[in-house]
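Below are two complexes that have chain A in common, paired first with chain B and then with chain C.
Entry: the complex of A and B
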């Protein structure tokens, strides 16, 4: 059975549910602490996930301290070797601060996840958002490989999740977009609330050059089961939720399961 | 129009500064700072009332200064800040977001509440304490190098894609 390593930093708080959804997807998942470098080095995984939370209490800037931890040297090496790496929320912030995404020059910080920007609002946001994969990314990125292009709802919760790039990089960053924010029907957002944090180009998830590393701000592990979708959700997922019996809800996959199903497909899980 | 700046710090040791200093130690720099202090920096453009206006609004908003856990002072050019070891030579770096909704929203809020504040900008002031007698130009260079995160191993205090860095005052 393929194995994924979930890396826990001080302050991570989504490691257990992330490991659980990986296991539910047919992938053995083990949680490693940030200082378990020898143990992880001796047991290299087939994929790596940096879960959500507040690594090092977001001190100085979200993700910046974790990005300098020695365990990230190993993740860096595995990313360059083509292993699938997923950073969710705080994990995405760590990947950006590590220079792994967008990764034009791996190790150089060439993007930022800045403070949310919305008219009359600032600080932490928490809610649901709709995402749509970019067709080219489905072919390129293991995490998106099971997608069919349809929009899907996923929870989102962060204070610093606005993808920002230098003006001169705006053209080349387009080819790195994995998931975009969108309306319930997949339509392009017209600012807030469809684009909840003011990300440039409506970016919700960004890949590296080779597509094996994905930094995504929304939390797919929080919508792995259909019962996690709010019954009043608009669109087909809300309808499925409302039309399912309690018994059905136990087994039905939710919209976020597609991310982990993509990894399972890539790793050859039947 | 008066431009008035205040620095706000925790009464207790700042965990962010402690973590930052520990991280800097691990970077094995040629000339690391011996001490590090962190302040929230608020810059107000007030159309009347000067410092009295700022003192009054601080009394209204515990989100700017929470008197239970924070101390604040008006900053002066080239002054040292409370809590700094006078035996050290200090350099200050200010980090601000290029696009900052917090500052924009505070400006709107203060205007709505009737305070004569035309603009407000917040940032973080990092003060680096070096051995006294160290060359000032070298200190400034080290402080600036330490402040810009161009690479994973490089500086620490700002992401150059979304934040600007300047010497304080």
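Entry: the complex of A and C
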């Protein structure tokens, strides 16, 4: 069975559910502490996930200290080896701060996840958003490989999720977009709340150059089961949630499962 | 050490140290040690005998609450209550629940006060060995648009910020709660917090040194944040009237990051100890800090202890012994383990989880040794800082307080003009009746990945906390200050009743309750009478609403009393009994929510409307009148309704369910429509204020048309209307388009409270 390593830093808090959904997707998942470097080095995984949370208390900037932990050298090496790597929420912040994403110049930080920009409010925002994949990214990114291009709902929960880049990089960043925020029907967002944080180009998840590393702000592990979808959700996922039988409610995957299904498909899980 | 002091000397000590204890209590203490008590002893006993820790005024009254039921594993007495929850893969899982207040600190320093409130209550659940799977906040604030509105708005924003900054970082999902505004809280906000978790039955941890310590050497390990001077005198502060900005130094400073790392490290340590079959004791540090945790771990295990304060990791040098021993620095735990495994335990904290690297001066350290001599002995810099017979520390004090009825009855309004469309609109766009979504949007309700129904989606939040099991946990907390003010007995009874209905409306069977009793000064006979009335109301409701069969009540398994919620001007809060109820649904997939499902479906009214609108939203927001007859509490009817609703939900015949409480039937219907977007309700009832706005307890339930034809409806159930297309509610001669009202209903709270931030 293929194996994924979930790497937790001091302050991570989504490691258990992330490992659980990987296991439910047919992938053996193990949690490693930030200082478990030798153990992980001896047991290389087929994929790596940096879970959500508040690593190092978001001191200085979210993700910046974790990005400089020694264990990230190993992640860096595996990224170069082409292994699939996913950072969710705080994990995405770590990937951006480590320079792995977008990764134009390895090791150099080329973008930022800035504080949410929403009318009349600041700080943390929890809620469900709709996402859609970029067609080229489906072909390139293992995490998106099971998608058919349809929009799907996934929750966000963050205070700093706004992707920003230098003006001169705005053009080349387009080819790195994996998932973008959208309306229920997949249409481009009309600002807030469809784009919940003011992210440039409505970016929700960004890839590296080769597409094997994905920095994703929304939480697919929280929408892994159909029963996790809110009952008042709009669109086809809401319809299916409201009209499901008991059996379907339990057995049917939720919208976020497709991320892990993509990995399983890529790793050859039947 | 000195000779036995006289009364005058003691009076001077008490006043110069700023202690809350009476001179009589100081004399009692001096008698225990037979000399002038040391500063540490003064502060230790001041904490242990504070109202907050000793329940000295409330204890005899609290004994009247029902606590016995077949599912109860641990009732009131330890840090949290424990009840049986489910079986999964041959393992028995228990639910751990705790409920307390952090009122005074939140009034003075809202962000820190509320954050520490969350921090303190989750510690109570963690220290039973449980994983914390949710928290809830029951908030009471002053009038945000009244004379002290600006202060109140700042407190609301600060409390919400404190809750999200702490809870989200900790990784504990927020499972809702409620928020009420009443001018009686202008000088004293209430921040009641609830936390709950799950633990395998064979891994419950106790907060005393085990019997094995009589046979082999046991030591006390202190772990967590280095001790500083924060929160010194915190329990005493919580037990005094509030006066302006005083007591700021008594508020602790919370650190969710460290708590998160510490929780995972604790988990590793506890797992290691269980796997080696080593008996141990474990307790969080709350009120009274090191002094309380060391003396209680020892005394409750029948032992004494030698504590070495020089071994305590500190972040400030040269603190006096009483400050090191009694400060309430957050994020600390005490662990009683055999000396032989101490090094292994220290290694987990200090090396595997690298506490010293993550936070300056943070580490686990051995700070005490248990021994069979029943003395509490503390050494600091070579000197005896305390030497007290240990049983006196935990013995406590009890007072019989006087009571005197307060006439709070207020007349009914003389006239009740009613225009249903206008009045419903007024209620839904009032600060009391509008959506609380803006508050929830700051909270992470989905971390841990087990949340089934979030705040606002159903009458209670539901999660699926045990991996592999379908058992759902439903939680709700309630308490109506407007009822409490008019009739504290009914305030208590309806707090239970409403929380029970909220849990039942999702299909969950109530299994236990917790309470937090917020009142004024217990030395005031009127305030004490209110307290006793409210407790009697809770007891009455719990005795009527047991779901375990036989005559068993709904057990109250944990709780807290918060007195002195009044300013020095003497203005006390409305009597505020706040109750949380926990329910279990065997199969979470059957849980019901607020969302209307199908056009044409009948909507049933459960609970006949009565003319009892005292304290109602209608009177308050539409007539500007607060008085009148509070709804009666009809225990056996409430139970019958709950049983019937649960039966229909379990038979999968209910599509959506909502309880009727604040705002009555019309508001309940509107809330179902607002939750649904594409559907609404056409009521076929009389359009009078009693039918539409009376808060007589009850439910609305959407069922399929066949159900009404098949079933014989009990006498308390009738067809009230049907589901229609479009987000609206209407009745004979009135109609409200809710889609056009939605924005105001959603934004009202932010536009009032967050106005200083430009909303």
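Here is the rule we use: the second predicted complex is superposed on the first by the 270 of 270 C-alpha atoms of A that agree within 3 Å, B and C clash if a C-alpha of one lies under 4 Å from a C-alpha of the other, contacts with A are read in each partner's own complex, and residues count from 1 in each chain.
Basically, contacts are C-beta pairs under 8 Å (C-beta built on N, C-alpha and C of every residue); 3 or more make two chains touch, one makes a residue touch a chain.
Just so you know, these numbers come straight off a predicted model, no measurement behind them.
In the superposition on chain A, A:123 contacts both chain B and chain C.
Shared-chain residue A:108: touches chain B; no touch with chain C.
Look at A:54: by the touch rule set out above, it reaches chain C but stays clear of chain B. When the shared chain is aligned, chain B comes close enough to touch A:72, but chain C does not. When both complexes are overlaid on chain A, the residue A:165 reaches chain B alone and has no touch with chain C. Of the two partner chains placed around the shared chain by superposition, chain C is the only one that A:155 touches, whereas chain B remains out of contact. In the superposed model, A:20 lies in contact with chain C only, and not with chain B. Looking at the shared chain after the overlay, A:98 reaches chain B, while chain C stays out of its contact range. In the three-chain superposition model, chain A touches both chain B and chain C at residues 56-57, 120-123. Against chain C, in their complex, chain A makes its touches with residues 10-11, 13-14, 16-17, 20-21, 33, 35, 52-54, 56-57, 120-127, 155, 157, 219, 221-222, 224, 227-228, 230-232, 234, 242, 246, 249-250. Those residues of chain C that touch chain A in the complex are listed here as 161, 164-165, 168-171, 255-257, 260-261, 352-354, 358, 440-454, 457-458, 464, 467, 470, 587-590, 593-595, 597, 652, 675-677, 750, 754, 757-759. By the touch criterion given at the top, residues 15-16, 19-20, 23, 26, 97, 99-102, 104-105, 108, 149-154, 156-163 of chain B touch chain A in their complex. Contact residues of chain A toward chain B in the complex are 56-57, 59-61, 64-65, 67-68, 72, 76, 97-99, 107-112, 114-118, 120-123, 164-166, 198.
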